[in-house]
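Just below sit the structures, each encoded as structure tokens.
There are two complexes below, and they share chain A, which is joined by chain B in the first and by chain C in the second.
Let's turn to the complex of A and B:
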């Protein structure tokens, strides 16, 4: 039992962490919390099943296509739901515009793909080893993403430009950084990561349109706990959340697990609204 | 007067007549749709106070509907508890809804918009999961039969009238709140939280009360919904409903009762007319939401608000009437506000460095100094926004605790802001009435039912606000929406709002910025008259002429310390001040 708690918990946690990183990547580029993160994860699963199972493509082609679709959706999100709202005075309209866009895509999926969960194909044609592929693929995807992002942000010029925009977009624009293009690129990157999360976790979570709300919430929990924009916090938080959820599932049942996660989430946010790793900003009057 | 009463209500009356006469059509399907609209409205009316008035993005309200529905259904069925009357069960649903409303709402007190939206969403996700998993009580995916209300509100038109009566009651009650000082405070929390705090609005208590009311109404709505559905499963409460509730309010327009009511009717009826589109209904709702957010953030209410589209007079003049001030302010004399050794640092920057200052009632005390010398910081310390690391403040000898800006109004300390904090969607009069909020005596419940004490409060606040508006010279603009005013008018409006508090001390943060020379002259006379009526005025200003014209005493700050203090004449000839700040 312990083994299945740990393997399943870490695998689901890795998916949550990836969705959390998706939130973060969009947030650092635009200061916008976007409701599209869970939708991207859901699409990763559905599109993966569509390309590989229904259309019979090889797994690697399917993966690349899914990631490309994620990038495109990310770009569309920025153009349709983020850019017009950033210009308006009413700042939190983005909550509604990104929610509306996420719902549009999710509903379209529900109508075209169906509202029942469909199986997701096995990606690698090998027998079960020590640990089943449906568990280690999400963990691998998460590790690769975190390392990739570290490399991008710390070692490359474009990554540093991302950080500059996140730190102070006015100053960054004054330096001549193309803010709009960098924001677009960030949303495309977030699209890729979100879709990867759903694709990697596909065999566990299935190709199911309802995953969008589940991933939206459980992917946000690690971000809220770890502090906005903090990827390491999101990974630690995501893995802990997955483990906690699975342990509670096995030990005391699903109802309690959901309630417990929600209760912890609310209590932590009430005690530390800026997360464990975040710092609170001073108030301006 | 009578006609104006009718003007605002004619749409409500027409709706009521149509609703009462609906059974004459003898179309039972129309009855079901109308019943559903009433049930939705009972929930939306409450949610409207949360979303439309207080501006809290509460998305997952379907969770409260679910809880109410299962509570009524399970209690009535008697599978878990002894069987009880559906009417009693409905009351229990209201109670459960109220408690859940508080649980869902609690995070709104501390969390910013998106976090709060997410917690309501999370709550909705979890309630659905529990409804599915807790099979013994909810029947899991199989569902459970809904309650049947006995005579006189038995299924059919009886039930319809039951829902209609409740819906009408909700409309009346929430409209009462909207027009009360509570409604104004909610809009202030939404549009200008800082102004709400400065006026003494107790945000936590008010929001919690609204969440209780909204939760209770959602619970009742859920009980009725279960009965209308006749059989409920977790599928019946999908997220689409939450979106529908939310969009009804946004289509209707924030800060309106009629708009969201029309929005509710529209969204309930529309899918029935466009039957082939039923599968696409949520998709269309989502598209609608996106369009509203991007194109018409004002909603139906804005389109109906023809009074605020009439052009305003082009060349308006602000003519204050200082003679009215003694009657309005009605200050007993004497009073001192003293700061001693106050020090406040932001990181390594010492914004105020051991400042000691006395302010007296009946005087204008000017605070000048170069940018960054700590003028506004001093104001923010006195009005509670900043908490200094050292020193103390005393009001008439008693310690004035630092922090807690919302408690300053209780000490009769009022202020204006460097950039006017207006409540854009409310009228000028309502903006000004906000200033007197703490002098209202009636409770939320009394306002809900327009009991006499509520009406006395409203009358008193209205009279006082009108007097203040007349005193600053804006009485002709009382009915105009505040965001249509010019900058200079907003400055005087903020002063009127502060005066409505009958302040012992009034702090003005650069009131002359952006005003014409003539307006500055009038402002000066007004400020002087305010002080002569017994209020102590603390004036932060860059216009040296204004300061030296009207101040009784002037303090010059530099780098958080006092550089010089004295009468205007003394300051004007102070060598260091002249060289550092005034110029030769």
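Let's turn to the complex of A and C:
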């Protein structure tokens, strides 16, 4: 039982963490909470199955194409659902526009791909060892993403520009940083990470259009737990969520496992609305 | 001879009377085609059934028309694709009954659409026959002109329960569904039936359909001593996860349940082909291979005909095509015997006894518009699909 809780819990948690990071990358660059993160995860699984299983491409080519598609969809999200409404005064407008875009893509996927779950290919042709690839691939993808983002944000100029925009977009613009292009790049990056989440978790979650709503919600939980814009918090929150969810599956079972997750989520938010790792923001008066 | 106003009026009155009399109306009716309004979902997410039934329906109508029609009257099949959408089905019903003036409606073929369409058909007084399983679709008081040529959900549940308890002799049962509407309602409805038959419910639960790991649930079932698993879901991913978890645990327990257990989508999601062993899904006796691998006579001849006509069966099920074929055949026989009026059609169906179709032998009474006999709903071996039909599950006898 413990083995199953740890292996499944960490693997699913890693996918949730990646979706949480996807939310964060879009949020930090634009202050837009885009509900397209789950959609990107869903597409990662569906496109992976399409390229590798149905079109017979090698896994590595399939992965690269999925990531490229994720980047393109991220850019389209920014152009179609964020930019036109970003200047609107009411903040909820862009939340709704991203949600609408995500639903549109989900419906299109349902029509073109089908509403049934489809198999996702085994990515590496090896036998099941102590820990099957469907568990360690998401963990590896999560670790690589976190390290990559740390490198990007701390060691590269463009990463520092992202941080500058995230800290204070007005000041960054005043210094001559191209805010729009940086926002576009951050949505492309988020697209890559979201698609990677779905691709890496495909062997567990299958290629299924219905994964969108699940990933949208369960990917949001680590963001709320870890604090908005805090990637390390999202990783810790995601892994804890996966472990807790799987433990609840064993200990409580049925739909009560979901109820247990929601109950803990609500309690945590009541106790610490800013999340475990988030800091209370000062309000400008 | 002088023509007086009185004579003209008398002659006109006689002419009008003869036109309105019973002699004139068959003459007109004989010239016009019999209009059948057909409502399959040919596109959209729930279209696989509609596409298959449409093949059978088109074939039957063509055969009847090629043979001269019904007493010389051709059948005009007016098809409206509901696109798997209840709203479109409602609009189509309104158009078929009001503008097209159909004599009878066949369909819709999905429950959600039929739930919306049946009251409209009842309001307009048009006889309808439909193959959907939701029990409440048939109510002789509310919808006296609606008939069903397929099983009810209760018949499906009873057939599975019968197989588990009376054929496999398993008394401790685990009943599981996902958290969708169909599954929750079905689990809640079938568990009392099992208890009535004396079963012990070792496990009862509804689980999130997207839960990737169902091993905890299966461990709970095994620990509770379950001797059979009965999953009720139309979600192939959910069903395949149950079968994969059972296989990974090395648990040799029979799985008996919904038709989707035997679908190609479920097969595609299995980690190993062995995970499909000892899995039994709902099916119909008249369209299953018997113990010696033969189809019943009518179904065998029908399949041969389909093969000769090169009607595609590779992507579908024989019983779906057979249901589609039976409906217009029954309608044609009805109109031939009782005319095309709503009263005539309904009256004929209300007395229909053991009408032998390819898919089913139907019996209706004024009090019972569910036509399929219980004995024709059986279980089949989920992994035995060949040319659109399955092997009947072991234990039914000859």
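Simple rule for what comes next: the second predicted complex is superposed on the first by the 281 of 285 C-alpha atoms of A that agree within 3 Å, B and C clash if a C-alpha of one lies under 4 Å from a C-alpha of the other, contacts with A are read in each partner's own complex, and residues count from 1 in each chain.
Basically, a residue touches a chain if its C-beta (ideal position, glycine included) is under 8 Å from a C-beta of that chain, and two chains touch if they have at least 3 such contacts.
Please read all numbers here as calculations on a predicted model, not as lab measurements.
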Simultaneous placement of chain C and chain B on chain A, clash or fit: clash
Chain B versus chain C as contact partner of A:254, first or second or both or neither: both
Chain B versus chain C as contact partner of A:269, first or second or both or neither: first
Contacts of A:178 with chain B and chain C, given as first, second, both or neither: neither
First, second, both or neither for A:118, with chain B first and chain C second: second
Partner chain in contact with A:148 - chain B first, chain C second, else both or neither: neither
Partner contacting more residues of chain A (chain B vs chain C): B
Partner chain(s) touched by A:214 [first = chain B, second = chain C, both, neither]: both
Which superposed partner A:81 touches (first chain B, second chain C, both, neither): first
Touching partner for A:101 - first (chain B), second (chain C), both, neither: first
Clashing chain B stretch [against chain C; choices 132-140, 294-302, 348-356 or 366-374]: 132-140
Set of chain A residues, in rising order, touched by both chain B and chain C: 111, 214, 253-255, 258
Contact footprint of chain A on chain C as seen in their complex: 44-45, 179, 205-213, 215-217, 219-220, 235-237, 240, 265, 268-269
Chain A residues touching chain C - in the complex, by the definition given at the top: 1, 4, 8, 12, 110-111, 114-119, 204-206, 208, 210-211, 214, 246, 249-250, 253-255, 257-258
Chain A partner contacts - residues on chain B that touch it in the complex: 57, 59, 106-107, 110-115, 117-119, 121-126, 129-130, 133-134, 194, 239, 243, 250, 279-280, 282-283, 285-287, 289-290, 293-294, 297, 346, 376, 380, 385, 417
In the complex with chain B, residue positions of chain A that touch it: 33, 80-81, 84-85, 88, 90, 92-93, 95-97, 99-101, 103-104, 107-108, 111, 213-214, 216-217, 220-221, 224, 253-255, 258-259, 261-262, 265-266, 269-270, 273, 282-283, 285
